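The data blocks that follow each hold one structure.
Consider the two complexes below, in which subunit A is the common component and subunit B and subunit C are the respective partners.
This part shows the complex of A and B:
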């Protein structure tokens, strides 16, 4: 039992370990530790990764077992560690010998520099080096197994004593101050006020770079809230959402830029036109796909999004849209004769947009319209039988979502002073969908959090350079396994009237008794 | 006076005739049961009435209005509500929200009303919420209003589905095997409750059931379907003794 689980886990762990070494993640860890924690050399980070991988293998092997016994746990840990250590050691032996023979591995594996391998061999000959890494992995795997076994025992004992596990939220609420703030509406409002003030003064301190990035996050919040209406509330999986973003952006660009048309309309006039045209585009897309659901809808909308992008750069329309080169010198907003088209002012502008989008979403969510959308998402047929004209409500959802996308598109084009086909690739749709899912489908704070994580985190991870996307992808996968409902899932509305205490207590048991006495 | 009349309603699926030239006359205020073995075409008949299927032939007239060709939501707005054999609630909405959705066709506010919080909309929402509370009490679900529908126990889900159907203030209530999955005592309670609904809310009930014993006690009229055809109709007593009914249920040779 322990042996088989150990061997299987060891194999998986070995593959992961060798893969991470081959793509050079150990060197990345080394450099990160150097720059973040001022560690003088890069080897502590390198070996930290090795030890962590060993700990993970041992811990995972024990976690996979059902029967609890120390012997089994150590057997599983040891077998996992031996397999992982032996295979990783063999790989290192090969790499080190080939490098020693004078072959430059970088021709095939770009990260396999002399330095990278030396960090693992520590200057030893290939064979002892292989033995060393194997030993380190074995010891860490044993330690990981022992730690996990201990944790599981503590957990089981706690359950046996009748203590239930408490969530982080409950633990936080146990702190008196937190409980008081969260239950008192006034202090919540004060907290919101403080947060708002912080947001309002933030641009004065943040500087150009972060103002710009926060603006981008804001634009994605608006996009996310719009898509949340379509996907989260109405349950229509729209993968071509970027099309409406493009309609908004191109409307702003073509109406305000000097080229290719000499309209040069005011920003303030072009903005509502962009929103309106996007909403109309939403309805136009909506009509042909009304009868589709799920996968079919996703495919058709995906196609629509690509059509818009390809049209915008096609030769036929170059005269109208500016073609592949896009549109330059998109107009800025001008207020009282002052050009307010820089990051600083746009921050506030986007903030207003975000607040508007939040208000719109909140008001719709718990209205007759929002309920009809959510009913449609849950069961379209039954929604129809309840008197909901589903075609009309689908078009409304598409139009609302598209209008928000159009708004953010218009602002996006004006802020960048430029727009072109490359702004509207499929990845934008995917990113917005991902942020809605990661944040928590149907939840407003979830969407905001999701936008910060998806657009903000890559900026923070910038130090990881080439690994940014890899780390980010891994985080998304882990996130979907650990917390599939999203970071901040939608909460249930509390609509039932609070009743007097004793009445409520009597009510429930009477309910249960009724079934037994009733006949 | 008949609130619902079916004349020669026929529904085919390819070569299969699911419902064949069925006539029904449902008097106002009655409890009318349609029974028949599994696969007799009962649910198909329901789907024709509520607008999900369009019959190939025949007329369906509800209170003087022809229903054939109308959309399900239009039919619902005319005052027909239904429940389902396998409960179909809006799972990730709370019990109260389910009832509020049930009121959809009785409410008017639209996008503008919700976005600008017009006084009219706010008043309407408040009234709708009050009514939802009343219905929650009426079906005995007070205390469960804020729970997600899919977290309710089976029996409560059945009641919630009834409350949701009643929320649209229907004149005709279609119940598709409401006693499915219930034990005999629960079934008996449910039947008493159905009679109470009819008496207190003054509506007509059209009931589908495959177990004929269930409906005998409460039905005014019973119609029996077999292989899509109506084989007999009458009071429960008359139907029970009809040799063709016995044959349909128990097979040839028993009668």
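This part shows the complex of A and C:
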């Protein structure tokens, strides 16, 4: 029994290991350890990754087994380690021998430089190197298996004694300071106030770079709140959200820049026009998709987003949109004759935008419109049966979301003084969707958290830049499997106190939690 | 209150409402506008005699070829949708990986001279490599990203699919780089070489790669049709598509059937990827995105869940996309825009597709 589990896990672990090596993660680990912990060379990081992968393989193998048994655990760990080690060793053998025969593998596999492979062979000939990495993986897998077996036994003993497993939230609440703050509304407000003050004075101390980045996070917060209205509150999966962002940005650009149209309107005039046009675009987009099913809605909106991008890039409309090169010298806001278009002032601008967006979203959430949206999201037919005119509310959702996107787009274009078709690729829509989903659909703090995690974190972890989108995609998949309601889920209005087993369900919109039959 | 009078009032009111609705008026209006636009532009083109007969022929032929590739990819989408009611967003990426697998094999063959000595065998093995790798990717995709989400509401697997798609694109970019790679066709099957027809006095070429693409696509379509209609696995697939619970009760291993469906759709995508590489030459990590989207459009166009529909939709979309810029007197750069426009129009006017959907369960 342990053997089969071990072999299966070993195969999976081998694929993962070889994959990570092929995309160069081992070198990344080496670089990270060098720059963060001042490790002198890069091979410690590389081998740390190898060991961790072995530990994981052994641990997973044991985790798959229901019955506790040291013999089986070690058998599983050993077999997983042997399979993983053998396959990874074979792969290394291949790579090393080909490289040592003089072929530069980088024409095929861009990460497989001499240095990259040498980090794994440690200067040994191919065969000993394969043996070494195999051995390391085997030992790590055994260790991982032993550790996991121990932890599972501890856990089983706890359950046998009748102790309940404690969630992270509960454990945090046990800390007296946290409990006091979270229960006392006054202290919550004070904390919020302190936070606001910090935000207000921050730009004076942060340099240009961080002001810009925080500003970008803020823009994505506004975008996230807007998409939150469409997806989270109304339940309409919009994958072409970037189109409204583009409308706002291009409106601002084309109205204030000297180039394509020589209009050179003031920023303050162009901004509301941009928002208005975006809202109109939202309604126009909403009309054809009113009756479409969820999946089709997603694809059609995606198509719309791409259409806007292709049109703005096309040669044929260059006279109108500025073509593939975009629009330069976008106007800045001017206050009392002074050009305040730098990162510093824009930070406050964006902050005001964020606060407005939060206020609008909260008001909508607790209004008739918000309740209509929630009803539509849970079950459209029932909502219609209850007398909600879904047409109107769907269009309203699109318009509101689009307006927020238009606002962000206009600010974005003005701050960069430039905008072009490359700013509006599909990835932007997916970024915003991801931060809404990862943060928590329909939840305002969730969206803000999502924006910080998905936009702010990569800025801090600059070395991971190449792998950002990869992690992103994996994160989406993992989040859906592990925690579909997001990091900070919206709380559902409760009519009665929830029973303990319903507690987890209470946190998420039905969209993400229910669905046993007929799905 | 006179009950009889009240109820007769309700009856007439109901009948009146069914006749003309706002939605119907809107659709009629939009439809008329679109038709008018088409007619106006087409008339302009005809009047100017902007394109000679040989251009139309050339466009039609290239549309047919690309349409057959779309059809093969669309079959993959429709198979998965029919069983799981989800759009396999990562299908385009599965095709891309197949194209890359074929690329590496073909490169090795070209370097060793095998392509020159045994072109037929080389091409065959290339296809096999592409199809196998794509099949494995398709199966892993299902296992990792979709199976754990089997019972979840529709939004969840959709987002997981988007995540998987992004992941695969970027994994390919990290592993193989972002540069465009060119397929090294065997000398016997070079691109842009073929027979030359004479139409209205001007030459129109039909390339060897084009013929291969079209022929192989037809073979795959026929093969799939036979598989679904005549084999046990096909019967099991149809059963699971019709009603998962009932099929399970009748002894069908639903998990296996779903895995097999993904395997088959992977094989088809891989074949399409290799065909794309052989015919169009250039592949890169993003190559699966737009064809994937268009193939989905084709599947919807033909009727989602409907296998002949996917084939028809693919061919129709290919030809339409090829001819539309010429018919409507628009620049060819906007080809993709027109393909998306087709999607939107189909979903507004005939959401069930040309041949109708084949989904037994009422979609919630």
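Here is the rule we go by: the second predicted complex is superposed on the first by the 475 of 519 C-alpha atoms of A that agree within 3 Å, B and C clash if a C-alpha of one lies under 4 Å from a C-alpha of the other, contacts with A are read in each partner's own complex, and residues count from 1 in each chain.
The working rule: a residue touches a chain if its C-beta (ideal position, glycine included) is under 8 Å from a C-beta of that chain, and two chains touch if they have at least 3 such contacts.
Note that the coordinates shown come from a computational prediction; the quantities given were computed from them, not determined experimentally.
Trainee: Give one of first, second, both or neither to describe whether A:372 is in contact with subunit B, with subunit C, with both, or with none.
Mentor: first
Trainee: Which partner chains sit in contact with A:389 here, subunit B, subunit C, both or neither? Use first/second/both/neither.
Mentor: first
Trainee: Looking only at subunit A, is it subunit B or subunit C that touches more of its residues?
Mentor: If we count touched residues of subunit A for both partners, the winner is C.
Trainee: If you stack the two complexes on chain A, which partner ends up touching A:310: first (subunit B), second (subunit C), both, or neither?
Mentor: second
Trainee: State whether A:83 touches subunit B only (first), subunit C only (second), both chains, or neither.
Mentor: In the superposed model, A:83 contacts neither subunit B nor subunit C.
Trainee: Applying the touch criterion given at the start, work out whether A:108 contacts subunit B, subunit C, both or neither, answering first, second, both or neither.
Mentor: The second partner, subunit C, only.
Trainee: Under the stated touch criterion, which partner chain does A:487 make contact with: subunit B (first), subunit C (second), both, or neither?
Mentor: neither
Trainee: Touch check for A:23: first (subunit B), second (subunit C), both, or neither?
Mentor: In the superposition, A:23 touches subunit C alone.
Trainee: I'd like to check the shared interface: which positions of subunit A are touched by both subunit B and subunit C across the two complexes?
Mentor: On subunit A, the overlap between the subunit B and subunit C contacts is residues 511, 514-515, 518-519.
Trainee: Help me check something: in the complex, which residues belonging to subunit A touch subunit B?
Mentor: So the residues of subunit A touching subunit B come out as 360, 363-364, 367-372, 374-375, 378-379, 381-390, 396, 400, 492-497, 499, 504, 507-508, 511, 514-515, 518-519.
Trainee: Per the contact definition, I'd like the list of subunit B residues that touch subunit A in the complex.
Mentor: By the definition above, subunit B touches subunit A via 50, 52, 71-74, 76-77, 81-82, 84, 88-94, 96-97, 100-102, 104-105, 107, 109-111, 113-115, 117, 121, 125, 129, 132-133, 136, 140, 142-143, 145-148, 155, 164, 168, 185-186, 188-189.
Trainee: For the complex, give me every residue of subunit C touching subunit A.
Mentor: 22-23, 26, 30, 85-87, 104, 107, 144-145, 148-149, 151-160, 162-171, 174-177, 293, 296-297, 300, 330-331, 333-334, 336-337, 340-341, 343-344, 347-348, 351, 361, 363-364
Trainee: Note which residues of subunit A are touching subunit C in the complex, please.
Mentor: Within the complex, subunit A contacts subunit C at residues 19, 22-24, 108-111, 237, 239, 287-296, 298-300, 302-304, 306-307, 310-311, 314-316, 391, 430, 433-434, 437, 466-467, 469-470, 472-477, 479-481, 484, 510-516, 518-519.
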